[in-house]
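All chains are identified by letter, namely A, B and C, in their written order; residue positions are counted from 1 within each chain.
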Amino acid sequence: MGGYVLRRILSTVPVMAVVALFVFSLLYIAPGDPAAIIAGDQATPADIERIRQSLGLERPFLVQFGDWVWRILHGDLGTSIFTSLPVTNLIAQRIEPTVSLMVVTLILSIGVAVPLGVAAAWKAGSLVDRLVMAFAVFGFSVPVFVIAYLLAYVFALELDWLPVQGYTPIARGFWPWLQNLILPSIALGAVYIALIARMTRATMLEVLQQDYIKTARAKGIGQGGILFIHALKNAAVPIVTVIGLGIAALIGGAVVTESVFVIPGLGRLTVDSILRRDYPVIQGLVLLFSFAYVLVNLCIDLIYTLLDPRIRY
Amino acid sequence: MSVVSDLASAPLAETPAIGAPKLPDILAPVKPHGRVVGFCLRHPTIVIGGGILVIMILIAVLAPYLGTVDPTTLAPSKRTREPSALFWFGSDMLGRDIYSRVLFGTRVSLLVGFSVAFLASFIGLAIGLSAGFLRAADGVVMRVMDGLMSIPPILLAIALMALTRGSVGNVITAITIAEVPRVSRLVRGVVLSLREQPFIDGAVAAGTRVPMIILRHVVPNTLAPLTVQATYICASAMITEAILSFLGVGTPPIIPSWGNIMAEGRALWQVKFYIVLFPAIFLSLTVLAVNLLGDGLRDALDPRLAKKL
Amino acid sequence: MDRRTLLKSLAGTGALAAVSRFPAPALAQGADARTLRFVPQANLANFDPIWGTQYVVRNAAALVWDTLYGVDENLAPKRQMVESETVTEDGLTWTFTLRPGLKFHNGEPVLAKDAAASMARWSARDPMGIMLQGIQEELVAIDDRSFRWVLKKPFPKMLFALAKNNAPCSFVMPESIAKTDPFKQITEYVGSGPMRFVKDEWVPGARAVFAKNPDYVPRSEPASWLAGGKKILVDRIEWIVMPDPATASAALQNGEVDWWENPISDLVPLLRKNSNINVDIADPLGNIGSFRMNHLYPPFNNVKARRAILMALSQEDYMRALVGSDDKLWRPIPGYFTPGTPLYNEEGGEILKGKRDLDGAKRLLAEAGYKGEPITCVVAQDQPITKAQGDVTADLLKQLGMNVDFVATDWGTTGTRRAMKNPPGQGGWSMFHTWHAGADCINPAAYTAIRCNGDKAWFGWPNSPEVENDITAWFDAKTLDEEKAAMRKLNKDALDFVVYAPTGFFLTYQAWRKNVSGVVKGPLPFPWGVSKTA
């Protein structure tokens, strides 16, 4: 087990190296110039040239890349061109909102989607099943910003139940924190709920036809016990797989959700940095996202072994 | 972005095989209908999805003849008019006719959806096949694919769009690059499982050359899952185009696309909701149709996959 | 520590946390009335007002740093940190004496050497500062409170240069910070103004926080724009960055923010309907839209092609696309200078007036030798002002029969692209859109976009000795009448030469909750004198 974890962690190194080189070279050939943006609207071409030199942007590609890798190996992600703050600080400031949004969305999605999927499988072919499946297809088909605006209009502006925007750190209390996250989580979770509900229904349908379920029924175990203890446990592996794969989609969706609901998270930081060509920040963020994705998938592989004793590495 | 396509590829490539071997499927009872009617009854989603899609394609092709005006003509003195007999879907901030823009926008969404589906499938097939058959290439190619996959697809597309100037071609390229790794994984998974099959061993033993094996035995076996995957990619590409345009890094704004119309109307959703409403309905309906078609094709082409989902 | 004490201490912190959590909302409510939540026009991405000259940086810096002089609402320079100044009869030697008792935010006194070093850094980056540097003999502190600025030739606009609100302003920083290379960002924000910058709470792209500086001694005169007593009546000002106007509007309606700097005009009727919200013009000096052409390459290297654009463009179309249906928000300007200011004139502006002449414009284009070369239009989509203008331009050029190559991009890329002197087809450009704050366009002093000194001019590189002579004539003018005469000639020559095509003059709104009072109109949102009730 320990050896496996170590091997998995080591195998991420080439992946991360590929990501690093890929992102660095793409940004290097990008047409935008941070120096011009910094200089502002009234700057003269000579001003821009001087700023570019002071940022070291005129050096050859390999020198810049080597310099960057060297500093990362020493734990330094560099300094933002625009704010002159360390990239690690910028990321640290913004991790809490994004992680909060993800966690609430995950809990909400799983809490809604799994029971829906189980209900649909249990009553396969019924109206409930059709409704759940119809909802699932709709969840895939409506863009996240349309859902976001509708939610904000109904629940924040018309009913005035929840705030329109913003983020409150959890240190300022649980309810204020949650209040700000409910609408964004629903908007962001719609696709995810659809995905998990579909997967749950499909695997449950399959599991419910297995012999051991029939045995359990024969032994007189109640419907609830069969569904949630026997069947769901055995259906868990594909469901967890989908949850893990969806993380990447969730990070992407968070970009839109964060900008509509003004949540100061990593998604907005990424878009802002890309539009501003803040190279060090973009590079740090992409490394972070790749790392998170790899980490989540590692965790999921480990969860398999807990869920299903037949899986061994 | 492509959560649905992840779904299709994931169980094949990632999930460790568990459970007892499956029994052969019991054939559905044959119903006493004509072939066409019978097919329609057995696959209602294909009919509904396909039907809507055909209508959308007709709209795209016939857009100039459906009572539209030039969708780019400005009339700043007639801006933000409510839907009326003159402006069926209202007019936008520059006084352009939203009905015409939405109808012409169908062209962009379908073009992006179909092109990305085709290109991603084709490139993914090539990469997946070579990774599956060339041991030497497998490691490097799949590491690159893993690297690309570890960047959230929308962020990857945004990053690629920020590098180039906005054009429909670049939108297609960016979304394709973000989708290719998933297709490659799917194809590679199919290839790896086929390689273990006795008929491949048989072909090798009979002296058939590798290209022939690929062409005759492997490619046909990937077509069914690939077609299903392609529909999901098509759907997610249309949503991604809308998101990119919504964020201001997609289709050039002088080209009417649903994402652009919504991006322009987003600031006014509280006062002029119709600007966002009509393109949103068209987009959702089209994506819905493609998803339904995908579900139906999956049921029809690949019963094994259908059971999995 | 054994297990039992560990458990105890854990339980203790848990209880503490639980206790401290409940009163929090009450505390927050009390603090609410003393915290002003402000939605700025853009993100505060960097905070060096000399190095970065975006308007938003200037606005934030005006809270944190004080200036030697400040303009009042009549655009007259008034003493701010300076107590008195003298100038020798030949106009060459200026001596400035600082007010006594001025302190930086770190508690150190403000000395003349700090002011001199700050002016040295400022003059390296400011257009008027560069002119000063060009004629500078020396800039030195004489003692703790006085410094001397000796010039080789008189500079009548000295006080205006030090007082103007155009970025960069002459903010005073400690000497140690002011010695930073003007082309490198400062990293310490030791202010001299009425508010402190709370660096710990700064999240670029999301928020910036300013706290009242209790040690600041305001002047005794009433506040007027950048001049007078800058009295802060709240404890904190929180800037909350909202890229989405729809969200900002909803937040203002819900009372989640107090003051929104730039509501888009289409949302103003909605805000007006809300009985808790005030809406008014933000900056009476407004803005001038710009259709900037590249003077180096065909077709716009030919004055006839540039005049064709002036002849055909409808400022009404541009302005409606830009400000919406509200006619109070815009007016056509047949010229380059801010309407309503003393030097405004319409000399030579006939070409922009009356019915638009598309056929005449097409003829002029043909005379200029235009044969369907692609016109590379670089249009930033992330700025509503450039985006709206770009849409109108695409339509206009199409009607003129021009071959439009529309490059939709972001403001950052526009910044790079417009600095390229390559031909339009090879990475260069033919035209782009921008806008100039009306405060920058009251006269040529800080108006870089009007300059016509060829290679050294602003992007587009117009080259016209006549226009340059007119500008010099204004700088040398000693009376208002002389200034007016110089400006009339300048407006006419600039229009004849078509330095750029003005697309109209427009105003923007600001909106605030009714429990906030003291908001004034001005070229930047002045927070002094603004108070809030719960």
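Going forward, a residue touches a chain if its C-beta (ideal position, glycine included) is under 8 Å from a C-beta of that chain, and two chains touch if they have at least 3 such contacts.
Just so you know, these numbers come straight off a predicted model, no measurement behind them.
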item	value
Interface with more contacting C-beta pairs, comparing A-C to B-C	A-C
Per-chain CA centroid nearest to the all-protein CA mean	A
Mean-CA-position distance for chain B and chain A (Å)	21
Distance from the mean Cα position of chain C to that of chain A, given in whole angstrom	38
For chain B paired with chain C, centre-to-centre distance based on mean C-alpha positions, whole Å	45
Shared interface positions of chain C, touching two or more other chains	244, 246, 250, 382, 410
Shared interface positions of chain B, touching two or more other chains	162, 165, 249, 266, 269-270
Shared-contact residues (touching 2 or more other chains) in chain A	31-32, 149, 157, 259, 275, 277
Residue ranges of chain C in contact with chain B within the complex	244-246, 249-250, 264, 266-267, 269-270, 316-317, 320-321, 324-325, 381-382, 384, 387-388, 390-392, 394-395, 406-410
Chain C-facing residues of chain A, complex	31-48, 50-51, 54, 80, 82-85, 90, 93-94, 149, 152, 156-157, 160, 163-166, 172-174, 176, 259-262, 264, 268-269, 272, 275-277
In the complex, chain C residues that touch chain A	21, 24-25, 28, 43, 45-48, 51-54, 125, 127, 166-167, 181, 183-185, 187, 202-207, 240-244, 246-247, 250-251, 253-254, 256, 382, 410-413, 415-419, 421, 434, 440, 446, 448-449, 456, 458-459
In the complex, chain B residues that touch chain A	1-4, 6-7, 10-11, 14-16, 18-19, 143-144, 146-155, 158-160, 162-165, 235, 239, 242-243, 246-247, 249, 262, 266, 269-270, 276, 280, 283-285, 287-288, 291-292, 295, 307-309
Residues on chain A engaged by chain B in the complex (per definition of touch)	14-16, 18-19, 22-23, 26-27, 29-32, 137-138, 140-146, 149, 153, 157, 191-192, 195, 198-199, 202-203, 205-206, 210, 237-238, 241-242, 245-246, 248-249, 251-253, 255-256, 259, 270-271, 274-275, 277, 282, 286, 289-290, 293-294, 304, 308, 310-311
